[in-house]
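What follows is a pair of complexes built around subunit A, which joins subunit B in one and subunit C in the other.
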Partner chain A sequence: MPPETLFERITDFAARADPYPLYAELRDSGVARQADGSYLVGTYHEISALLHDPRVSSDPRSRAEPHEDPAATGLPPSFIGLDDPGHDRLRRMVMRPFGPPHSPHRIDELRGEIQRVAGELADALVAKDRFDLVDDFAFPLPVTVICRLLGVPEGDVPQMHTWADAVVAGLDFAPGEDPSPRQRAAREARQAMGLYLGELAEQRRRAPTGDMLSALVHEPGPDGALTRQELMVSAVLLLIAGHETTVNLITNGMLTLLRHPHEYDRLRDHPEEMPAAVEELLRYEPPVQLLPQRSPLADIEVAGVTVPRGAPLILVLAAGNRDPLRFPDPDRFDPRRPDNQHLGFGSGVHACFGAPLARVETHLALTTLLRRLGDLRLVEDSPEYRRSPVLRGPRHLHLEQHRR
Partner chain B sequence: MHVVVDLNRCQGYAQCVFLAPRVFALHGEEALTYTPAVPRDQEERVREAVVACPVQAILAGERAGP
Partner chain C sequence: MTTPARDGRIVVVGASLAGLRAAETLREKGFTGELTLVGDEPVPPYDRPPLSKQVLLGRVAAGDCGLPARRPVDARWKLGVRATGLDATRKRVLLADGEELPYDRVLIATGTRARPWPHPEEAALDGVFTLRTDEDAARLAARLDAGPRRVLVIGAGFTGSEIASACRERGLPVTVAERGRAPLIGALGGTAAAFATRLQRAHGVDLRCGVTVTSLRGSGGRLTGAAFSDGSSIDADIAVVALGAVRNTEWLDGSGLAAGPRGVACDAGCRVFTMYGIVTDDVFVAGDVARFPHPLFEYQMIALEHWGNAVAQAEVAAHNMVSPGPLRRPHLTVPAFWSSQFGLNIKSVGVPTFSDQVILAQGRPEDRRLVAVYGYRGRITAAVTVDRAKWLDHYRHLIETGAPFPPAPGAADFHAGHEPVPSDVPDPRVLSHGPTVALTGHLPDRRLTLLRPGG
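Right, the complex of A and B next:
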């Protein structure tokens, strides 16, 4: 059966390479009720207001028809799926060993290590005539970095890699295919990862090693200590939330720059302009295209439409990022765009926890690639995409290299 | 380089503190403080903070100020 409603057309795999015309249609149609009772929002100001509205819940249990959570593990929910005050308490406790005010230097001190890992991965590409940017660079970098941050020993990184892979595969979906085996594998990987990290934290409790897990168990703040289960789900959340998102930002970044060769050359010669280019990439090709998890706690009015309590409320960040009412000439990739208050990291109380790490990582990854590699050509445009309409990005990005 | 933060715009997202912790600091959960005269070895980090600030509250220049 051909896809019918706008949401079905957006999630249809055929739209993955270029969903932007559908997003324009969504903005024009206002707050759009779908046949399945969900509501889609694609305009910047409405999305931004909803992300700051305390009547909008992130908790799957606020849905009128709670669906079985395919990621259910028997563990308590992580803070991305909780509302305040429970969300705020956990986020603050996990922030304590990660960032200001308590640990302002943690990410800055990781720069050297990120640069080293990115440099080593790039070294291995320099002599190749052809490679896959995803498998050979973008995929290994974020897992390695987050393992270093948490304090996972070097020898266990490949295992984390395998688990992260399984979890990501479970998030993906292919129409017409039974997703349950993949989802079961993902659930098992999540559990195994949680058990592993809980065990590692116990070891760090006995013998701290200066990493984030050690600080998490050793320096409880005014809110007290996390329970073992809270610690497990929070550590798994950091690994999962920061993994495929960063892979996609790096990959979308290279794809976009190769499609804009003039900007590619300019950024290679002016690496100091890369941080602003990363912000533009987060607007122009955001790794998280939409937030599917919200629902209102009361009947609320959005742009003249009443969205009933408990209805699925889907916020299409990538559509808001190209709203002409907010961004002049929104379909143009402009790395020097002023006033770039994009929605790539969300906004409000759930705004991306790991944004500073993702920024530093992507900035260093892209400047390293541009500096080190020769002249590159896309082997195929468009590349093959992953299935997911939520975490959108190429599955492979095959590149041909001519040495300079 | 000099910086000025428009503290009326600043929302306390602390992106600047993560990226340039020797120039920006957060006291308690909310109050941002900063060193207006940026040491030379921190200038690159401050440029990163300027573009990362979600509300574009940081003004940097050779002579910042009104």
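Right, the complex of A and C next:
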């Protein structure tokens, strides 16, 4: 049976390599009610307004028909699935050891470490005629960094990876397939990861090691300390988000640059232009394509359409990023785009928590790759994609290298 | 191609935030002519907001607050020289050093200065400060380092409150004297100001409202204390006079322009009016010194002492200075400001004093995290957040679109039972601090308000 609704066509795996024509269709159809009662929004200004609207909930329990029982893991929801004031409280407690105003140097102090890891991974590629950018570079870099940031010992990193993959598989949409085994595996992985991180935090309580978990248990702010369960779900959230997004940004970045060889050469010769190029990548090929979790807490009007309370509200960030009403010539990759307030990290109170880290990682990753590697060629274009329509990126990116 | 508007001579009078951003924008828009910046301070443009915050806390030196350049401006800088007059007929800016700068177009960006203590012999006492310049901040920070027994802050507007906050963070005893009923009342209205009152007291400020300082006492040329209108008195080694700002317009006396104590009046495109309400086409104004009509606030002439307004208005003014008529833009930015005090981040959009009602739309004062939304005759005109700035975009959009007040229900962190209450905006004449937004009349051509005597 062919897929029917626009949302089903977007989530259909066949659309993964190039969903942008469907996004254009979505923008043209305004706020699009789907047959299942959900609403799809793909225009920039409407998405931006909804991301800042205090009547739009991120809590799955706000749905008229909750699709998943968040308590099934026995763990409370993490702040990504909570509304204020609960979201605000948890997020600022976790932010305390991560960023400003209390820890303005945490990310900056990781630069040397990120550069070292990126350099070592690139070293291993220099002599190869052919390699997979995902498995050999784009995946191990952010995983190593997020584990280092939190304080997960190097020996346990592979286990983290196994769990994170299972959790992300649980988020997949696959029309026609029974998602319950995947979702059960995801819950189990989330639980196991939470227990592991809770136990690790206990060790850090006895013997702090200067990492984020140590800071979370040792330096509570005015809101007091996180409960053990809050700490577990927050650490799981950071680990998964740190695993599964930056890998796509780096991979999509190299893919995009290889498709635009003039820009590739220019950025290799002008690494100082890379920060702006990373912003353009976040607009042009955002690693998080859509936010599927929102729903209104009251009937709200969006572009002349009333979205009823509790209806699933799906914000297609990647469609908003290509909205010609916001970005001139939106389908053009322009690393020097002057006015580039993209939705790649979302916006509003749920704006990407790890954005400063993702920016630094991607900046260092791409400049290192461009500087160190020889002439690259895509073995296949387009590459094989990962299943997820949400966290979209190539599963592998096989490259051939001709040494210069 | 060189168009006439992109060539010629432009003089920018005032070399602070608005002047610098205007100069950069002129070059960005393709102005290729001679550009001169005149500033009465001897140093390159610097950022003022940190002066009452990080600098007083000793985290940043006053001399390290230079404004980053967005681009080279290729200008002649006349720093440390005051402009003394503007000859609109001969098109010249007159300088204190005797030089006359001819112009084809001129931008007035002379800003404001701190309102001085009204009794000069008391103001001259060692230990009495105002806070406006980097030098003021450096001297005050050094005196706070020395560990004064008590600091008196006169005026509880944003600057006075931030100074009091910095002193408390340093552990110094502070008395704040405010002629109005509460701190920040002139900017936020009485209802929100009650929150500021509790905040200051919770941080150990000796807050005295409804009183004025009747005299500053000294001995041997040094400040020793102050007497209040309620008959009480205190000992203090430092007094910071935070009575708001005076607009730097005296140099325009006799210029024939609509310049006076309330600022320099202009149209929505930053073109200055003459004293007859006739618009000029070669004199522009931007920043704290400008007063301009804003359609969102019923075309009242407003003057904003806001960092963001200085930037936005300077960009519009510069654009209009080098653009032919049909391509000119109005300055319609929704006003916005921020303050950090007592560990909280306070931000605002719109004009809170342009209101009759206010409602707690999100959060609660007891949590010190909230969004207060202001309305005027059933329309949303402002919002103020305390540690919840990420919601402001929503309310800015509601202000821009004239959305009905109170805001529609449904916010996740709305607390049931909060109803609209009067915003209780006082008459600015009863304040000892000047409000940072001044609503100063209704129409651009009201000569009566323009010719009001100074003071």
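Convention: the second predicted complex is superposed on the first by the 391 of 404 C-alpha atoms of A that agree within 3 Å, B and C clash if a C-alpha of one lies under 4 Å from a C-alpha of the other, contacts with A are read in each partner's own complex, and residues count from 1 in each chain.
What we mean here is this: contacts are C-beta pairs under 8 Å (C-beta built on N, C-alpha and C of every residue); 3 or more make two chains touch, one makes a residue touch a chain.
Computed from a prediction, not measured in an experiment: that's the story for all the values here.
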Touched partner set for A:363, first subunit B, second subunit C, both or neither: first
Partner chain in contact with A:64 - subunit B first, subunit C second, else both or neither: neither
First (subunit B), second (subunit C), both or neither touched by A:84: second
Contacts of A:104 with subunit B and subunit C, given as first, second, both or neither: first
Touched partner set for A:325, first subunit B, second subunit C, both or neither: neither
Partner chain in contact with A:351 - subunit B first, subunit C second, else both or neither: both
Touching partner for A:14 - first (subunit B), second (subunit C), both, neither: neither
Subunit B versus subunit C as contact partner of A:297, first or second or both or neither: second
Residues of subunit A contacting subunit B in one complex and subunit C in the other: 347, 351
Complex contacts: residues of subunit B adjacent to subunit A: 13-15, 17-21, 25-29, 44-45, 47-48, 51-52, 54-56
Subunit B-touching residues of subunit A, taken from the complex the two chains share: 99-101, 104-105, 107-108, 272, 275-276, 279, 339-341, 345, 347, 351, 355-356, 359-360, 363
Subunit A contact footprint on subunit C (complex, rising order): 361-363, 367, 369, 371, 388, 390-391, 393-394, 397, 408-414
Interface residues, subunit A side, partner subunit C - complex: 48-49, 52-55, 57, 59, 83-85, 88, 296-298, 300, 309, 347-349, 351
